[in-house]
Amino acid sequence: MIRIEDSVITAQTLEGRLAGEKQVEICSRAKLTPSAQDFLRDQGVEVVRREAGGEAPRSPVVRQADPVAVPGSRKAFAGIFCPNIVIFDGQGKINYPEMERYVNWLIESGIQGLYPNGSTGEFVRLSWEERQDVVRLISEVNQGRVPVLAGASEANLRDVLKMAEFYASIGGVDAISLVPPYYYKISDESLFEYFAEIAEESPLDILLYNIPQFTQEISLELMERLLPYERIFGTKDSSRDQPRLINTMYRLRAVRPDYVVLVGCEEILLPSVMMGASGGTIATSGIIPEVIVELYEKARSGDIERARALQYRILDLINLMLLGINFPEGFKTGVAARGFDVGPARASTSAAEQEYLLKLESQINCVLADMGYDVRGPRACPVTNLPPIVGR
Amino acid sequence: MIRIEDSVITAQTLEGRLAGEKQVEICSRAKLTPSAQDFLRDQGVEVVRREAGGEAPRSPVVRQADPVAVPGSRKAFAGIFCPNIVIFDGQGKINYPEMERYVNWLIESGIQGLYPNGSTGEFVRLSWEERQDVVRLISEVNQGRVPVLAGASEANLRDVLKMAEFYASIGGVDAISLVPPYYYKISDESLFEYFAEIAEESPLDILLYNIPQFTQEISLELMERLLPYERIFGTKDSSRDQPRLINTMYRLRAVRPDYVVLVGCEEILLPSVMMGASGGTIATSGIIPEVIVELYEKARSGDIERARALQYRILDLINLMLLGINFPEGFKTGVAARGFDVGPARASTSAAEQEYLLKLESQINCVLADMGYDVRGPRACPVTNLPPIVGR
Amino acid sequence: MIRIEDSVITAQTLEGRLAGEKQVEICSRAKLTPSAQDFLRDQGVEVVRREAGGEAPRSPVVRQADPVAVPGSRKAFAGIFCPNIVIFDGQGKINYPEMERYVNWLIESGIQGLYPNGSTGEFVRLSWEERQDVVRLISEVNQGRVPVLAGASEANLRDVLKMAEFYASIGGVDAISLVPPYYYKISDESLFEYFAEIAEESPLDILLYNIPQFTQEISLELMERLLPYERIFGTKDSSRDQPRLINTMYRLRAVRPDYVVLVGCEEILLPSVMMGASGGTIATSGIIPEVIVELYEKARSGDIERARALQYRILDLINLMLLGINFPEGFKTGVAARGFDVGPARASTSAAEQEYLLKLESQINCVLADMGYDVRGPRACPVTNLPPIVGR
Amino acid sequence: MIRIEDSVITAQTLEGRLAGEKQVEICSRAKLTPSAQDFLRDQGVEVVRREAGGEAPRSPVVRQADPVAVPGSRKAFAGIFCPNIVIFDGQGKINYPEMERYVNWLIESGIQGLYPNGSTGEFVRLSWEERQDVVRLISEVNQGRVPVLAGASEANLRDVLKMAEFYASIGGVDAISLVPPYYYKISDESLFEYFAEIAEESPLDILLYNIPQFTQEISLELMERLLPYERIFGTKDSSRDQPRLINTMYRLRAVRPDYVVLVGCEEILLPSVMMGASGGTIATSGIIPEVIVELYEKARSGDIERARALQYRILDLINLMLLGINFPEGFKTGVAARGFDVGPARASTSAAEQEYLLKLESQINCVLADMGYDVRGPRACPVTNLPPIVGR
């Protein structure tokens, strides 16, 4: 019999350590992830749990005390996380070199965190392998420079855990974000079970991702019920619902003062940070990272006047990228305007929509020029002659 | 033939001035309101419009230039407008003495405007005459101390104009607020016509009231199209949609810098004022006027820290009054907690709900005590021992 | 002291019978309507209730047994009820002569019931007095030939009862239909109280009117809870929700086998009647009464083939009238196509929409001609050369 | 150079036929599926299209004429298709033997088609491989006895085509059903492109699956625009919207008289078939196949009385399985009541919900007994003593 001391045991943990053994002893409270269970069953290996005397019955309270669930050194989740787009080549495959150039530019521009496989990252339009490839790429390019939040929002619990295990196995991912399972709506009771089970088994920390535009809402009451699970250390809220966001900070931080709240709506970045948000996952930061980071810093430091000026100056750009075109094509066009070859859309796009995107790029260029950016492309619209907000 | 020079002519204008005459001469561009038209038809009076040469054909541009549409001296619409509740007596009739006591208290507490017949004022649960009585009472008690915004949201255009004419006739009302016609949904094209017609004929200035929870939304595009009508000088937005509110200020003030924007959502009063809102119609100001006015003043003056502390301290009270009970019964219970005899509910209320309201009053008392108010009633819940935000 | 034996006493009952008396004796369980209560208070009259021994305490069970609530001879509510439009003259006032001609034509064409002040009748766009005038006109023209269901959907309980009392006072109205109070949403608990109070006090029988497109839904559970109130004898469902309609008949008729269910959706008239609906309130019956009545009769008698052919043949007409234009303007245009001078729209209508209505009338004419009607107006679209469904 | 004559060429087509060749000649209008393109690129193989003279430029009209798009011998899609549940074993894996026993029982009970990977089949809760395994199992057990419609609703176009190619490669699948891509909403323009691209490249015929409860609606206008694509031969509509279903049959069959319309809502099976629906995908047919098939047959043959009796008798069962519990757990409980060991839920389920399912099974048993089934389990509720609708 072989003995494994890990508190969370994945298939990766087991591979190459069994050495033909058909019995393995593990800690009484160790978690076997689904991949590990499958692996053991396939190999015909028997599991023995070593009883360590006086073990308390499993309960929510115990769950909290579980050393697995108390990560020792969580990276600070504050500031602007960029939910990066995915760049494709002429054949519709991921364009790794251009992605690398883009991600380096984001980090060098001051972005405080990376966020692959978010909604902006079109995760559902990628294959399982592509989702893994994107996160691997981000991790490798990042080299630990900024924290990485990776979307692990698969359609079912097993796939979520498999993906989380993969992220944990490659290193470089600091936490995962999670929407409710999509397609079906389920009861809040079931949704609680869903997140609780993942919180118990995930090898990585978790941010609850609320985006009722695309899947069912995570009610504030449900978030409160999930507070005992330390794995869940915060939320990323893209609901565009400021009253909700303020109540989120008020109610959840009354219990866990360090609960992370990231706002996922660019139009309300200043009000949200001013009210205490930890930062934001802001797609616009993929286009004008300097401005969004400055907006955040000024909001943090109380320079409301400058922050407000910036918040209003970016509205045209946001509206151009957000409205009138399928999400996130407008944002990809914005990245193109900054000089990256974003390649073709992955989503089905009609000829009329492709033409619209060309016009949009021209308008975005104009707005960027008006902000003070050195835009080389054509400029289709009249500028406002407002003072630049970025240096030329 | 008698001649009348007024540019807007109502039935009131005509009464007592015709002296049996069967012909009346009016200015070529004078407006005859529906009540005036009815009056003239009923009396069999013929109308002659004096042609003044070179009159431009009616057009949107002309409409803007219309002296009728350019009010000379509009009162400042800024700060906290209190959408007052209506107080009933034991027989379910309006309790005028207690209403008077309440309104005086609001003004003395620093409220910067009054707002009868808003949603908080249960206008649809009052009869036509009661709606008139409430506004008359407010006007008489106010005596011009603060501006009065009166809801004139009837279900159809004719009734709106009739009510606006009534308000104009009694004096003391500075502007009306208007929701889209309720019950039916109509096209944006028709909604434009609706507001345009009222803007042309109303004797009072108009705030567009957006409250998609109760009736159809007024899109921002529609508000932009209505900008040429100077009668419409602003909006009151209760949509709880902060991104929309910020875009409203951005887009409408680009054309009309003095466009009034009042926020109608208590949870986001600070962010809204910080972003430039003119003020708010805040139901909670009917319960804790001193705190809401201070919050507004601090937000205006840039004392973000104090304003934020106040904004967070009032959330419990707001949630107690807003959730779990039909609107606006929670707010009426809040007013009762401040020592006014609000009387029975006008809306149908079950025994269970009545019992809930008693419990709610006790909870509200507790929260008020925690804020520093001298509450005399029972105190059911534990206080937080936070520092008081109002003097005892 | 004067004595009044009526079981429901309205202001009308009292007027002219008190003869200066300041005391009135009534039955111990007689209902005093709000108008009567107001009247008595205003006149300073004291009410004495004669105790008749052993009176049971008021309870839901007693309510059922209340003779007031058990109407002796309710007219059959079956077949096609026409929710009539309102016809205006050139000055925007109700055109009584043309209305009379129209209503007579409807009855002569075989319509089995009349339904003024429905949604098709634009009740919220009429003044209080106009709503009364419409019902008075219908009653007088009808002279009892067919049952009359009159909408009494005011925005609040007191106005509903006042209107119901008015209907009762003029005679000729067999029942009222009632939506939930509009504008505000209220809890189901409150909505139960609302309908229960009206059921207890209304002098007329009641159909619950479900139309979630315009105001809050009346859940099937709520309808079940209201079954003990015999005043409420059925429902008119315009939700377009066939599964709901089938469950309505299944669940409510299990308790009250004669519960009336009228469908208010023209596209599913055949399936609904085939499944057991009592009939329908079908706006299209105001345009092609012969066809709709025949469709109903054939569905009732089991001639599915003919009924199906009719149901499909009317779809083009329905879609033309229902889609692309504010409700109910399309239906008014349909009535115009049948030769009635429907006059101008009451609702605000843009020039573009007015032009559209002209085009629509031409298209409707074409469809009517294709059905076999002798259309005299222009015919803009190619006909299908299907066999006529009405005689020329 | 090797030559391949197939009109649709997948990776499977190519494997084993290139024999090291680095050039392949194909027909000028042959389709290379994404998997084939990937395969060729990975192998470094060049493709030569043989020009056959006078080839028309690719256009929608040509698309219609494409022999690929005109399947020669499509199986009849009529009657009751059973959207089968998936049965798991104690370890949460698919229980193949019990699935086999269940599918055989369905076919022997008269089911007219099978429908794996529908919403009832929890396709999003299965892994990619499990979805393939389920369809392979169904095909193998079926052995061509009834037509098989397989859900291929992946979240993106490439995965849809990969899955369709897989289905085509194993044989035994007659058509696929397709919802719009889920999670994101896209414009109707893009949705048209999405379905058009799949219609051009799919090796299997397609039913458009409308289920707005779970993902965006496919408008009727969009379905009309897709009529030229012969690959798309019908729709399966689970919207519960009878007016829409009737208009679907009316408008689409005017162009393509054999357009297949399957209703996916059990409560309206009779009305839908009576109005002309080709049949239904009815989850309840997985529990009482004999009754649902009889209902369909009687509706088809015009025995409305018997069909109506059956339709009403099954409502209790439907409501028990559909309401109060996450979909499709109620239906799985129904299958359990018929004697199959359905195993644990795949979806997260709380202890309270598990307890509810036990109670539900007892209630279902009671309803089944009342219908005349020989139920062996406990019977918790009183029966109605209605005549049985199935033989004992």
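Labels for the chains are A, B, C and D, by order of writing; each one numbers its residues from 1.
One rule holds for everything that comes next: a contact is a pair of C-beta atoms (placed from the backbone, for glycine too) under 8 Å apart; a residue touches a chain by one contact, two chains touch by 3 or more.
Nothing here was measured: the structure is a model prediction, and the numbers come from that model.
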When contact pairs are matched by residue number, over half of those of A-B recur among A-D, C-D or B-C in C-D
Chain centres computed over CA atoms; the one at greatest distance from chain B is chain D
Between chain B and chain C, the Cα-mean centres are separated in Å by 34
Expressed in whole Å, how far the mean CA point of chain A lies from that of chain C is 54
Expressed in whole Å, how far the mean CA point of chain C lies from that of chain D is 43
For chain B, residue numbers touching 2 or more other chains are none
Among line, ring, star, complete and other, the chain touch graph is ring
The chain pairs that touch are A-B, A-D, B-C, C-D
Per the touch rule above, chain A residues touching chain B in the complex are 240-243, 246-247, 250, 265, 267-268, 270-271, 274-276, 302, 304, 308, 311-312, 315, 319
Within the complex, chain D is touched by chain A residues 37, 41, 91, 119, 124-128, 155-159, 181-187, 189-194, 197, 213-215, 325-327, 346-350, 352-353
